[in-house]
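So, here's a batch of structures to check.
Two complexes, one shared chain (chain A), two partners (chain B, chain C).
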Partner chain A sequence: MTFSSPAPTDEDIRAIVAPMTSLEGPLLPMLHALQDEYGVIPDIAVPVLADVLNLSRAEVHGVISFYHDFRKSPAGKHILKICRAEACQSMGGEALAESTLARLGIDWHDTTQNGAVTVEPVYCLGMCACAPAAMLDDRVIARLDRARMDKLLDEAGA
Partner chain B sequence: MKDFIIPQFPPGDDRDLGTPARSGAPVSLRVDGFDVTVPEGTSVMRAAALAGIMVPKLCASDNLEAFGSCRLCVVEIEGRRGTPASCTTPVAEGMIVHTQSSKVKRIRRGVMELYISDHPLDCLTCAANGDCELQDAAGQVGLRDVRYTPGDNHFDPSGTGARSQSEARLRMPVDQANPRYTPKDESNPYFTFDPSKCIVCSRCVRACEEVQGTFALTIEGRGFDSKVSAGTPLDDFLSSECVSCGACVQACPTATLQEKSVIEMGTPERSVITTCAYCGVGCSFKAELNGDQLVRMVPYKHGKANRGHSCVKGRFAYGYAQHKDRILKPMIRDTIEEPWREVEWDEALAFAAGRMKGLQQKYGRRSTGVITSSRCTNEETYLVQKLARAVFGNNNTDTCARVCHSPTGYGLGKTFGTSAGTQDFDSVEKSDVVVIIGANPTDGHPVFASRLKKRLRQGAKLIVLDPRRTDIVRSAHVEAAYHLPLRPGTNVAVVTAMAHVIVTEGLVNEAFIRERCDWDEFQYYVDFVRQDRHSPENMQALTGVPAEDLRGAARLYATGGNGAIYYGLGVTEHSQGSTTVMGIANLAMLTGNVGREGVGVNPLRGQNNVQGSCDMGSFPHELPGYRHVKLPDVREIFEKAWGVEIDPEPGLRIPNMLDAAVEGTFKGLYCQGEDILQSDPDTHHVAAGLKAMECVIVHDLFLNETANYAHVFLPGSSFLEKEGTFTNAERRINRVRKVMAPLNGYEDWEVTQLLANAMGANWHYTHASQIMDEIAATTPSFANVSFDLLDEKGSVQWPCNEDAPEGTPTMHVDHFVSGKGHFIVTEYLATDEKSGPRFPLLLTTGRILSHYNVGAQTRRTANVVWHPEDVLEIHPHDAEVRGVNEGDWVRLASRSGETTLKATLTDRVAPGVVYTTFHHPATQANVVTTDFSDWATNCPEYKVTAVQVSPSNGPSDWQESYNEQAERSRRILPAAE
Partner chain C sequence: MKIWVPMDSAAKALGADEVAEAITREAASRGIDAQIIRNGTRGMIWLEPLVEIDRGDGRLAYGPVGVDDVPALLDGAMDSLGPVENIPFFARQTRLTFARCGIIDPLDLDDYQAHGGLAGLRRAIAMTREDIVQQVTDSGLRGRGGAGFPTGIKWKTVMQAEAAQKYIVCNADEGDSGTFADRMIMEGDPFTLIEGMAIAGIGVGATRGYVYLRSEYPDAIKVMNAAVRIARDRGMLGQSVLGSDHEFDMQIRVGAGAYVCGEETSLLNSLEGKRGVVRAKPPLPALEGFLGKPTVVNNVISLATVPVIFERGAEHYAGLGHNKSRGTATLQIAGNVRHGGLFEAGFGITLGEVVNDIAGGTASGRPVKAVQVGGPLGAYMPVEKFDTKMGYEEFDAEGGLIGHAGLVVFDDSADMLRMARFAMEFCAVESCGKCTPCRIGAVRGVETIDRIAAGDAAAADLLTDLCETMKDGSLCALGGFTPYPVMSALRNFPDDFATQKEAAE
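Here is the complex of A and B:
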C-alpha cells in the first residue's frame, strides 16, 4: 500500500482490472484489486469500471457505497475491526470498544494520529461462542479483554 | 411471458394495478370474498386490484417488476404462515386472501408510522399535495398518530427536532445542522430532486433501469444511510447519465422527484389525452391543465405506441407553444426588404389570395405550389394538398418527407407493395435479432429505443450498421453483437454483401420465397447477388467493414430466430437511398422475416406525421392513398368529391420548385409548418429560389428562417390547440385533441380553408372530423377510420377498412399486399460526392436527444442546457493533423459552401468521417450539404458530403451576413391604430 504515489490514471485502472474481465461477477474482485493497490477506491475508477463492464456510473457507485470495506479515504497501517453484534455486546463488547476508542483517542472509522491503526465497527465475525471478538487486518482474535486488546494495539504500533 | 412495459387494462381504467400483467393459464382465487380469475404468475396484489380491491402499497407500480420493499401490501392467505407481501406472492389455485384482517391492518399502521417518522409533515405546502401516494397510503391504513419522538432523520435541516420543514425554517438560527439533510437538487431544468422527502422505495431507480434502460440512478449506501443518487457523489442530476425522460418523476410516489411546473402552478385539475408532436414514435400523453394553463404532460399508460413511457422532448419540451417568439397576428409586406406589417386576418388573406391569383394569371396555372407539413395533422395536410389540386389547379404539392423518407415510400412500395413499415412497436418484444441501419434510436426515437433495449436485456441480439458508434452500439447493459462501421455512402454495398452471404451459404428461406414471392424475379436476383464481386471480402476495401464481421452479422440475422430490421435516415438520405430500402426488403424476404410479429422492415420515421403526410397525397404524383394522379379512375373519385377537374400531369417536387423559381417559372409558394431554408440541403440554392418568388406564404408558429424570404406570414396553431390525427411510424392513427384554444385564433386547417375560400373556393368544414370523413370516403386504406372509432379504440393502424375493421397491426400476414413480393437487383453505384485532395473527409449529419430537427421548437425550451450549439465530431487523428483541439472553432467547407462551428474530439466517428447536427440556424450545417439526391425520389444526400476541416477564428463572413439579413428581415412594424 502506497499513499504518496501520484493519482492513478485511466490506464492504470484498466491494467489492474484487465485480468478479471472474464470472471463471472467481476465487479467485486476488481474493486478488491483496486483497494489492494491503492488502499482506496479512486474516484476515477468509477467511470473506468462502468466502461469496462458496460454498466452505468451510478451502478458502480451503488456497489462501492454499499460495502463499507471499500474506502474513500486511506486507512491507517492496520485496520482493527471490533465486533458490535449481539453476542459480543452481551459479553462486554460495548465496554471493550469504548475503552479501546478512549485509549486511542479516536472515534469509529477514524485513524490514530500516527497512522498506525484505523478502527472500524463490524457486525459479527462468526465468533459468537468466544465473544467478544475483533479482527486485526486479516487475523481474527476472540475472548478479548482490555489486556489482550492493549497487547494487540501495542503490536500494531498504536 | 410478462407484459412488456405496461399491461392491458379495461379501456379507460387508469388505476395502477401494482404489478405487471402476466399471460398464463387461468388461476382462480378468492380475495376478501370476491372470486377472481387471473393468468398464472399474476401477483396477489394485481389479482386483488382486478377484483376491485386496492391493497395499500408504496414501492409497487404496474410498470415495474415487484420489489417487495415497502412492506405495506402485506396480506393474510389462508393455510399459509405469516403475512406475505401481496406484490411478490404469485396467485395459486383456490387461494383465499384477506387484505383487511386486523393483523395486517396493525402491521400496515406500524410500517406507515415508521415511514412518517422520517418524513416532514408539510403536506399542505407540498407540491405533491393531493397527488401523493404516501399521503393516500397514510389515509388508507388509517394512520392517526406518529408516536416516535424526533430523532435521527433526513428531513429536518435545522437538526433541532422539528417535525416539518416550515417549523425547521423558524428554528434555523440555532447553530446546529443535520448532517443527514441533503438540500434539493434543482440542476435539471424540468424537475427537482428533494431527498428530504424520499422514502427510498427505489421506484425511480427501477423505472430508470426497467422502463428507460439508462441506469442513471442508484441507491447509495445502506441501511438508514441509503439514499437515491444520480450518478456518483460528484454528479448532480444534470451532470449524471440521466436523459431526463421523466420516468423517475412519474414513478415517484412523493414530491421527491417533482416537475418544476407543478411546484410553480399547482396540481392540475383536468386532463386531455393527445399525441406528442415530436418524432415518429407518436407517444400518447395526458396533457394536464388548470383552466387553459398546461401544467404538465404525462405519458398515457394506455398509449399503444409508448406504453406509458416518454422522452425529454415530449414529456418536458412543450414550452415553445407559449414562447414569446410565437407570432399570433398575420403579417404582410410587399417585398422582403421591407419590415413586416401586422394586419387583420381578412387583409392578410385577401393580400395572399390576390397575389397568388395574380401570379397564376400572369405566369400560368402551374406557377404556384404548396409544401405540406409532416408536423401538422392528417386533416391539415389533406387540405393543403387539396388547396393545390382543387384551388390552384395543379399538382405542385410536396412535403418534407421528400427530404427524409421518400425512398422508403418508393422502395417498400416496389418490393412489398405498401409504402409503410410492416409492424407495430409491440412487435419488438418478440424479436430475437434486431438490425439497426442508419438510425440512432436512443437519440432520435428514444421511447422505441427504451423498448428495444428492454428486449436486448432479455437476450435478443443486436446488429448495428452505422458509420458512427451510436449509444445503442454500447451502453449500460446493451452491446451490439456486431457493429459494422461502414464508410458513408456504401449502404447498398453492405446490404448486398449481406444478401450474398445469405444466398451463398444456403441460409435462404426457400419455402417462404416459393410461397410468397415472385420466383422468377428471385432467381434473377440470386444470379446477381451470388456473383463473387459482392462477397464481403471483395467489398471490404470499399465499405471499410471487416469481411468476417459482415459474414457474422448476415449469419446471425438469417439464423437467429425472428429478425427485425429498423432503419432511419442513414438509409434514405443518400443518392442510392431507394436502392438500400429495396436491398433491406430483399434481406427480409430472403430470410422469411416478413408477415408475423417480431420480424419485418420498419422505417423509424423522423417526424410525428411523416407517415400521414405521405398517406394524405402530399406528393406531386400521388393522390391520397398513394394512387397515381395520371390514373383517371383515381382522379374521378376526387373530382366527384371536390367538384373540380384535377390536372393529370404530376407536379413539381421541392427541389424542382426551387429550380423552377430560379429559372423564373415558379412564383408563388404556400409553405405550412416547414422551414425549408434551414432543413433542405444546399442553403444557398434554397435562398436563391425563395428570393426569386413573388409570393411566399409562410404558415408557422415562428418567424422561421424561410420566413426571411416570405411576403405573407400566417400564424399557426400548436399541436395543443387543434383537433386532428397524426399517423406514426407504425401506421397508427392517433388522435390529437384540442387542449386549449388556438392562441392565434384558428386551427391550422381553418387557416388553409380561409385561404382557399379567399381564392374563391367554397369549403365549409366546421370540424376536423369532417375532413377525416372525406379522407375515409375517398381513400380505401382509411375507409373505416372516423373520429368516433379512434375515440373508442384509442388508435388504429391502417389499412382500416372492410377487411380490417379495427386496423392492421402487422402487414403482409398471409401474402404481400401486392400479391407477390418482388426481389429487385441492387447494384451499388458510388455517389458522385467523393472525398479527394481538396475535401478529404466525409461529413454525415444527424440529430441529438434533446433537440428536434431545425430546433424551432426545442431551441425555445430549456432543452438548450444539454445542447446549446451544434458541434463537429472529429476523430482525434484527423484533428491532430489539422491542429484542431477540443472546443476549437473550425471551418467546415464543402464544394457547396462553408460554415464554422466548434469541434469536439471523439472516436465515435472513424478516421476520415466527421459528424454534426443541424439544430441551430447559427451553424447552418446545410450550407455545406450538396444538391445530390436519391435517383428515384430526389431525397437529398444529407449523409455524405466531402468536406475539409481547418482551424478558424469564429463565424464565417457568410454566417455574419446571413445573420444580418435575417435580423433585417424580421423587423415588425407595430400595427396601425
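Here is the complex of A and C:
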C-alpha cells in the first residue's frame, strides 16, 4: 500500500465514481473506491461528490466523518488493526495490544516514525474462537502472542 | 487422492494457505496425483488448519496441521482424527443450516446441488407467495440477528404491503464479539445465503436484494461477490430465477466500520449512503425500509436457514428445539475455551453443557468465571446460572439474551469491573449520537465505574440509576442493552466492584 501519486483532480474523482452513479445508494461504494485508490478520501472529493449526487458538502462530509473506515489523513505503508473486543480480551488481547504499542512507541491511531505502520483498534474480526487476533492490511492473523506479533511487525518494517 | 484444506479466514489466520502451498509442493515432489480443494471450515477451530484426505476410502481428518507436518501427512505417517463425523464435538451436532459448510467447495454450484442445494428454491418456485410465507411461519424460525422476531410474521407484513418495488436486505454486519457464524457460512457455503434470499424475494414479491457486509471481513466479501456472479451466470439469479417467471437479483455492499450499522434502521440509512444513525420506529422497515420501500431485513443465519426449511419441510425444522425456540441454534463458542468453534444443535441444551462438556472448559485450564452470551450487549452469566437452557425466553428469564448466539468464556483472571467499564466505553465509541441516553449516558457510565473503582461506594447506586435511564430512554438496543453486561457484572460479581474500596479501608 503506497500512495505517492500527485493530488487527484476533479476529473480523476469523477472518473472513479462514474461507474457507480446508477447504483441505489451510491455514496458508500464511491467512498470505498476512492479510498482504495488514494488511501484517503481526498479533500477535493467532497465538493465533487456533492455535485455528482446533488447533496450539500456538509452532508458528504458528515457521512465521511461518521464511519471509522474513511480516512482524512494518510496512513502509514501498512495498517495494523488490533482487536480490542471481549473474546480477544479473554485471551490476553489487551496486554498484547499494550506491549505492541509500547514496542512501536505510539498510541492508537498513530503511525510509526518511519511511516511503516499505523495502528488502529478494531472491534472483532470474527476470530473469536482463535483469539487474540489482528489484521495487517487485508490479512488476518489469529492466536497471536508476542513472538508472532513481533514477526508481523518485522515483516511490516516497523 | 483428494485433499481438502479450508479457505475459511480463521483457518487462514492459523496458517491454512501456507499448508495448502506446502501440500501442493510436496505432492508434486512425491509424484502424488492430488486434487486440492479449498473448502469452508467444519467449525472446529481448535483443530484448524484441519486437512481432510480421501485416499479412496472416505475422508479422514488431520489437525491441526502445520507446514512441518506436511511430509508426514502425505507419507501417511501422521495420526488421523478419523472421519470428521466421528469427532465428538461434531458428532453431537445437528447440522441443518451448516449441513454443507466444510464439505463442499464453496464456489462449486454443482457440488452445492449434489448436496441438497437448490431443492428448497425449486420447491418454493412451485408454491404461492402465501404458502411460502406460511412455511416460514410454520417452521418457527425466529430472527438469528438478535431480537428473535418471528421471521414468517415479518415476511407476511412485507408480502401484504403494496409497492412498485420491495427489497430483501441481508444483515451481514456481524459486529458482536464472540460471533462468526455469518462469516463462516458466507465463506463456506455462500449459495445457501443467496438461495435463502431468492426464496425470500419470491415469497414477499421483492426483486432486489442487498447483503450489507462488514468491511472487516475481506475474505467473505470476495467469496460472496464471486458466488453472486456465478449464481447470475448460471441463472439462479436474474430475470428468470431457475427458468421460472420470478425475477430476483442481488448485490453485495460493504460497510465502513460502524458497529451501530448492524441495527437495522441504521443499516438502511448506511445502505442509502447516509450517516448510519438510527431511525425512529415506526415506521417499520417492513413497510418503509430501503429507500422508503417495504423491506425484509434479516440476519445472514435467518436467511441461510430458509433453504433447508424448504428442502426438508417446516415440520422437520420445527420438530427440533425447545419451547418457543424452534429449530437449531448455531452456537459460536469463543474466548477462553479449549474447544472453540461453531456448534449447531437444537435449542434446549444448557449453558453448562456447552461450556463444560462441549467446549471442555477454558483454554487456560483455570476455572470458568463468566460467560458473556449474545455479544457486547449480552449479560455476563456466572457459573451459578449454567443450568439455563439455550432459548430466547429462558435467557430472558435469567436477565440475559441469546442474541446472535455467541458465547465468550472468561476464566477467573477476568476483572468484571473492567469488563463493565469496557461495555460502557464501547457504547460511547460506537453510539450513533442521535439519542442522549446512549451518547451521554455511556460516557457518564465510564466515569461512574471509575468512581466505583476509586472506592466511592455511593457510585454503584448511581450506576444502577444510569442503567435504568439508558434502558428506558435509548432509541435502539445499543444504549438500551448496554446495561445488560454492566448490571450483570455488578450483580453477579459484586466482589470485583468492592476490592478497591476494601483495600482503601
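The rule we apply is simple: the second predicted complex is superposed on the first by the 153 of 158 C-alpha atoms of A that agree within 3 Å, B and C clash if a C-alpha of one lies under 4 Å from a C-alpha of the other, contacts with A are read in each partner's own complex, and residues count from 1 in each chain.
The rule we apply is simple: a residue touches a chain if its C-beta (ideal position, glycine included) is under 8 Å from a C-beta of that chain, and two chains touch if they have at least 3 such contacts.
All values derive from a computational prediction rather than experimental measurement.
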Fit or clash between chain C and chain B when superposed on chain A: clash
Touching partner for A:Asp145 - first (chain B), second (chain C), both, neither: neither
Which of chain B and chain C A:Cys130 touches, first, second, both or neither: second
Which of chain B and chain C A:Asn54 touches, first, second, both or neither: first
First, second, both or neither for A:Pro29, with chain B first and chain C second: second
Which of chain B and chain C A:Gly62 touches, first, second, both or neither: both
Dominant toucher of chain A (residue count), chain B or chain C: C
Touched partner set for A:Asp43, first chain B, second chain C, both or neither: first
Steric overlap of chain B with chain C in the superposed model, located at which of 9-17, 45-53 or 63-71: 63-71
Chain C-contacting residues of chain A that also contact chain B: 62, 66
Residue numbers on chain A that touch chain B, as the complex places them: 43, 46, 50, 54-62, 65-66
Touch list for chain B against partner chain A, complex: 214-222, 229-235, 240-241, 474-479
Residues of chain C touching chain A in the complex: 9-10, 12-14, 45-46, 48, 174-180, 183, 208, 215-219, 251, 253-259, 270-277, 290-291, 332-337, 340-341, 363, 372, 376, 406, 408-411, 414, 419, 422, 426, 430, 432
Interfacial residue positions of chain A with respect to chain C in the complex: 23-29, 31-32, 53, 62-63, 66-70, 81, 85-91, 122-131, 133, 135, 138, 140-143
